[in-house]
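Two complexes are shown next, each including chain A; its partner changes from chain B in the first to chain C in the second.
Up next is the complex of A and B:
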């Protein structure tokens, strides 16, 4: 075990400079993933760069177009408690409120979770469902990436070396929020997550978005499913067909949270339950 | 209950304040001047020959003081089979087995050094399940088994470390005459003890070579004896002291890391603390025995149960440890608390290349009771009978005999069932209710207590009983206080320390309140008699005319006037007449085997272990049709404790047992991926959380046990046992599907519903 430097820069540029100067430096957000990985000797960074003091990475605020900007350092708990989200966007605070247990939610951040890019975690699927944009700052400047293009696989994201997530922007989402998380016990990682939003009036689905999480390397969202459901009465057969399409599209593992076959087996029922909840 | 002043009151925990304020001292909080830190290197193979171990690189690190390997621990040990070694020697037998241990200046350095130890292995074929282990020509987990000393030296097939049968009556003939027979195979899993506090010890040797070991343990005397055996030292050179224990559940009843810490301390002549990480604890320590239970139960059309047969295969893991006793107890209890005349129980324990299976709250009982209580419901369904009614019809009563012939002295089982029935809500759509009973024992082996009256008339109570968090210290102090008519705050409960405490076998077997309580009652009674001896001289009356008065005073019965205080008496004893007042007592549950006229036994049959305890529970469940997930909304738990010395502590044991039973029923399962544990972390191995807990309704039943202190007997283990079958029975009541494999995962439930 060698000594690790610890930095706590006061502004974003200093943070980026520290990360640029040492490719084995790691940003530290809530530490809920980084610290366990250090404890298990899975990571051996030369320096830790705390993002705690970066004002740019704080705040949950509405933008002029109705989007909500969430600073990367906002904790799951603060996002869950926020009242700023509109009905459709509420899938975001609902996702936040279901992560792990209160202790983890009080420390863990949305930016840290996105950067970690764990496909069984709660944020990727929620942000893909919400069409969120991940704001990034790095040595080459700033850029934004759609959530669907950000989460690329198991612990793999679009972040380049030296880049950090600064914020997540959630656009207006029509309809009512869907967030159905199924896990072995409440505080466990999910076995299956169905996230999205739907605008259903008089039994007719005006618009819908549905993404499935924890069932493969990336969240699964199918235009064909959303097209199938949109503009039609939500008959059970139609909903079942949508569920089956998603069940075929997911690529889950067999693991302690459930077999791949089981996840496929329950997904259509969960989709139907999710849609019934907002009908 | 005005009958008693202290007994029967929910006195707060003696250590409640220090625990609630975070000031209780666990091993990991302890330090000594010059402390070194230990770390353990684990085996990466399930079965391999150790060709060579190179410790040079680790020893070369500045700050590393000593590295020990299997060669440093030449003595084999083991309660039933001497197959264990403190560190693997020549062979490793499971992934995670300790191979080397070292001491260094800091914990981080110790870990770093452990990673530098190079072990050259030659991998051997492994057996990961009893089926593999018992197959013809299977690789042997212990090639030298024939050479090991054994306590019960019956011939055994390869890879079997214990085999036992118990039979009574004529089972085959009885089955032939039954109107209904049910038969099935039930499977249960490896549950991990998951105590909050991982195993740890701090050891320090003095200049004369005597080692003191503070540790998280269930018995300082087991630590003393086993460390002495392992290190080849006389027990007089080992002192074991209990630290605060953050849970044990059977997982700390045998030694854990104490021998390693002691050896490092002796070698380095520095104090050494070795506390396992959660990771190490999962990989190195123990689980409950996974079991396959084939069982058959037969009844007459009128509901009378007449015969039961069972064949049990336990997975014992790589070392035998207590497996023989766990098997014996499982077979003894497998009949269940029913008047079944004809029984044949057979079982064996297989060695496998997995971490060892050990005693765990219930000690073989949860496995067989899962099978047995499911079968009672299966019979009830076949007969069209109410399952609770069927149990009442067949329930044992006081005066009945258990398998082996031991008389049941006190029995509140019928009462438990009646109270349960009165508490249960009417049937509601979408909700199923299932019932299950438990019989267990409370007792085992010996213990002792010393009560010393101090100069000022207050009292120090010494026993060897380690409180694991259940509150036994408080209960024993209550028993002492009641016997002497003192308020609880006049009793000092001494920390168990082999240098000063009287012997106690262990905190296990639901025995402390019953067994140690008996010793405390007797020792305090003796102190009281000696106080009376002085008082008789001081008051010039006959000792037989004296009575205790509240607050430590003695007066003449029926004469309100003259009285003297314990302080006066004790001062006299210390300074003038007779010497200090000390009461002491030793007790033994004089068990023994089976009545040969009634039972035929082969192998290690164990009978007459203690007083019988009984309980009955009901679970109310809902099943999610989409996912198959079971939610338990309410759980009624009626338990006969003889007498509740501390009702809050009893309710606490019920709640804790139900929580752990719920984990066993629904979630907990250490799985294997080839040779490796698949989920050896709290991230992947899930114990239930607060949100999973049902509303628990404890129902305390009191049928005083004649031999118990104030009629009390144990409650530590029983509440865990019936939870799984009660839930399985509730699912069967709701959906007509019979689940025979634990845990009752959503996946299994859904598969059963799909099939139905």
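Up next is the complex of A and C:
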């Protein structure tokens, strides 16, 4: 076996330099996906660049405008336990609290999960629903990408070679959080996820956002659905119409967690249940 | 100074291979075989240990990333010659069948009770949701953890 070097840089610039110098080096966040890929010989990096000591990638903090900045190395467990998220932003800790099982949540990170970009995982849909921004650093400097433009397909993101995720910024989200995760058992990937938030008063929907996850290569969020529901009484027929529009827009696969037809069949009911839960 | 980690209270050198997992170190170098190599990709839970007191997967953790951290395996729980109350309750409840999941189940329960000494049944079930018992003996396992907490 060829020796694989392990680097543990003390600052972001050093980490970026190590990654820029060797295109076959891999950044290591919480390891909950990278390490099994190593164990299964799906990856053969020349070096591991651990991000464990990068202080820039830590912390969950409120910004002046009410946004919450989550450092990329923050774990799902710490995000789930945080009380800093207000109103609809609470969909973020709720998503975190349902990822896999306690041991994975203790070490898996939001930045690592975003960089992996698995569409059946919990973060892409939650962050698209929250209008979050993904902060990125790389050899060409720093940039931010809207979550909807970051998750591009199966294990495909907007990250360029040598770039890493440094933080996720969640803007203020009005209303009450929606996070409905339908899975066969705890600790499994979801069959369908409905994430979002809605501000419903006296039966009238003042604002709403709904994204559907685990049902195709990217999370699905439709302006037409949110326009349809906004400003109107949430009558069952209207909610059913919104659910049908989403069911037609998703592009699910047949897999062990449910057939594509099954996912389309249950989605409208889940949308109705999600909205009823915040009415 | 060589980076080290602590396993069951003893300092330990890190392996040279950067991709060696904590599980490789525990089982193959230190001969601590309580942590099992079941699936080796994070699904079965039988390799679970405590890393700085938090339940974690030894197979999903690079040994090198544990520099400066403190790892506790099941072997430490009865180091004083008497079993942990969780171990005693598992035996009394008949919750050890083939036993392959048991060491990690003990540590999952230990992590739960350290953080939450009086868990509800739902909290116990959630705490072991990442630990698969192939004998499907969950009823007795949950009963045993409840007994350890409330007994």
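Here, the second predicted complex is superposed on the first by the 278 of 279 C-alpha atoms of A that agree within 3 Å, B and C clash if a C-alpha of one lies under 4 Å from a C-alpha of the other, contacts with A are read in each partner's own complex, and residues count from 1 in each chain.
The rule is simple: a residue touches a chain if its C-beta (ideal position, glycine included) is under 8 Å from a C-beta of that chain, and two chains touch if they have at least 3 such contacts.
Computed from a prediction, not measured in an experiment: that's the story for all the values here.
Enquirer: With the two complexes overlaid on their shared chain, look at chain A and say whether chain B and chain C clash or fit.
Expert: Because the two structures are overlaid on the shared chain, the partners are seen to clash.
Enquirer: So which one touches more of the residues on chain A, chain B or chain C?
Expert: Of the two chains, more chain A residues are contacted by C.
Enquirer: Would you check which partner chain A:40 touches, where first means chain B only, second means chain C only, and both and neither mean what they say?
Expert: In the superposed model, A:40 contacts both chain B and chain C.
Enquirer: Contact-wise, after the overlay, does A:6 reach chain B, chain C, both or neither (first, second, both, neither)?
Expert: In the superposed model, A:6 contacts chain C only, not chain B.
Enquirer: Does chain B (first) or chain C (second) touch A:258, or do both, or does neither?
Expert: The answer is first: A:258 touches chain B but not chain C.
Enquirer: Using the superposition on chain A described above, determine whether A:103 touches chain B (first), chain C (second), both, or neither.
Expert: It touches chain C, and chain B stays clear.
Enquirer: On the A-aligned overlay, A:187 touches which partner chain: chain B = first, chain C = second, or both, or neither?
Expert: In the superposition, A:187 touches chain B and chain C alike.
Enquirer: Pick one for A:50: touches chain B only (first), chain C only (second), both, or neither.
Expert: Only chain C is touched by A:50; chain B is not.
Enquirer: Just which bits of chain A does chain B share with chain C as contact spots?
Expert: 1, 39-40, 101, 185-187
Enquirer: Quick check: in the complex, which residue numbers of chain A touch chain C?
Expert: It comes out as residues 1, 3-6, 8, 28, 31-32, 35-36, 38-40, 45, 47-48, 50, 52, 77, 100-104, 106-107, 185-187.
Enquirer: Quick check on the complex: what are the chain A residues that touch chain B?
Expert: Per the stated touch rule, the residues are 1, 39-41, 101, 182, 184-189, 256, 258-259, 262, 265-266, 269-270, 272-273.
Enquirer: For a test of understanding, state which residues of chain B touch chain A in their complex under the given definition.
Expert: Within the complex, chain B contacts chain A at residues 108-109, 111-112, 277, 279, 625-629, 667, 671, 678-679, 683-686, 688-689, 691-692, 745-747, 750.
Enquirer: Okay, in this complex, where on chain C does chain A touch?
Expert: 16-19, 21, 40-42, 45, 48, 51, 54-57, 59-62, 64-65, 67, 108, 111, 125-127, 129-131
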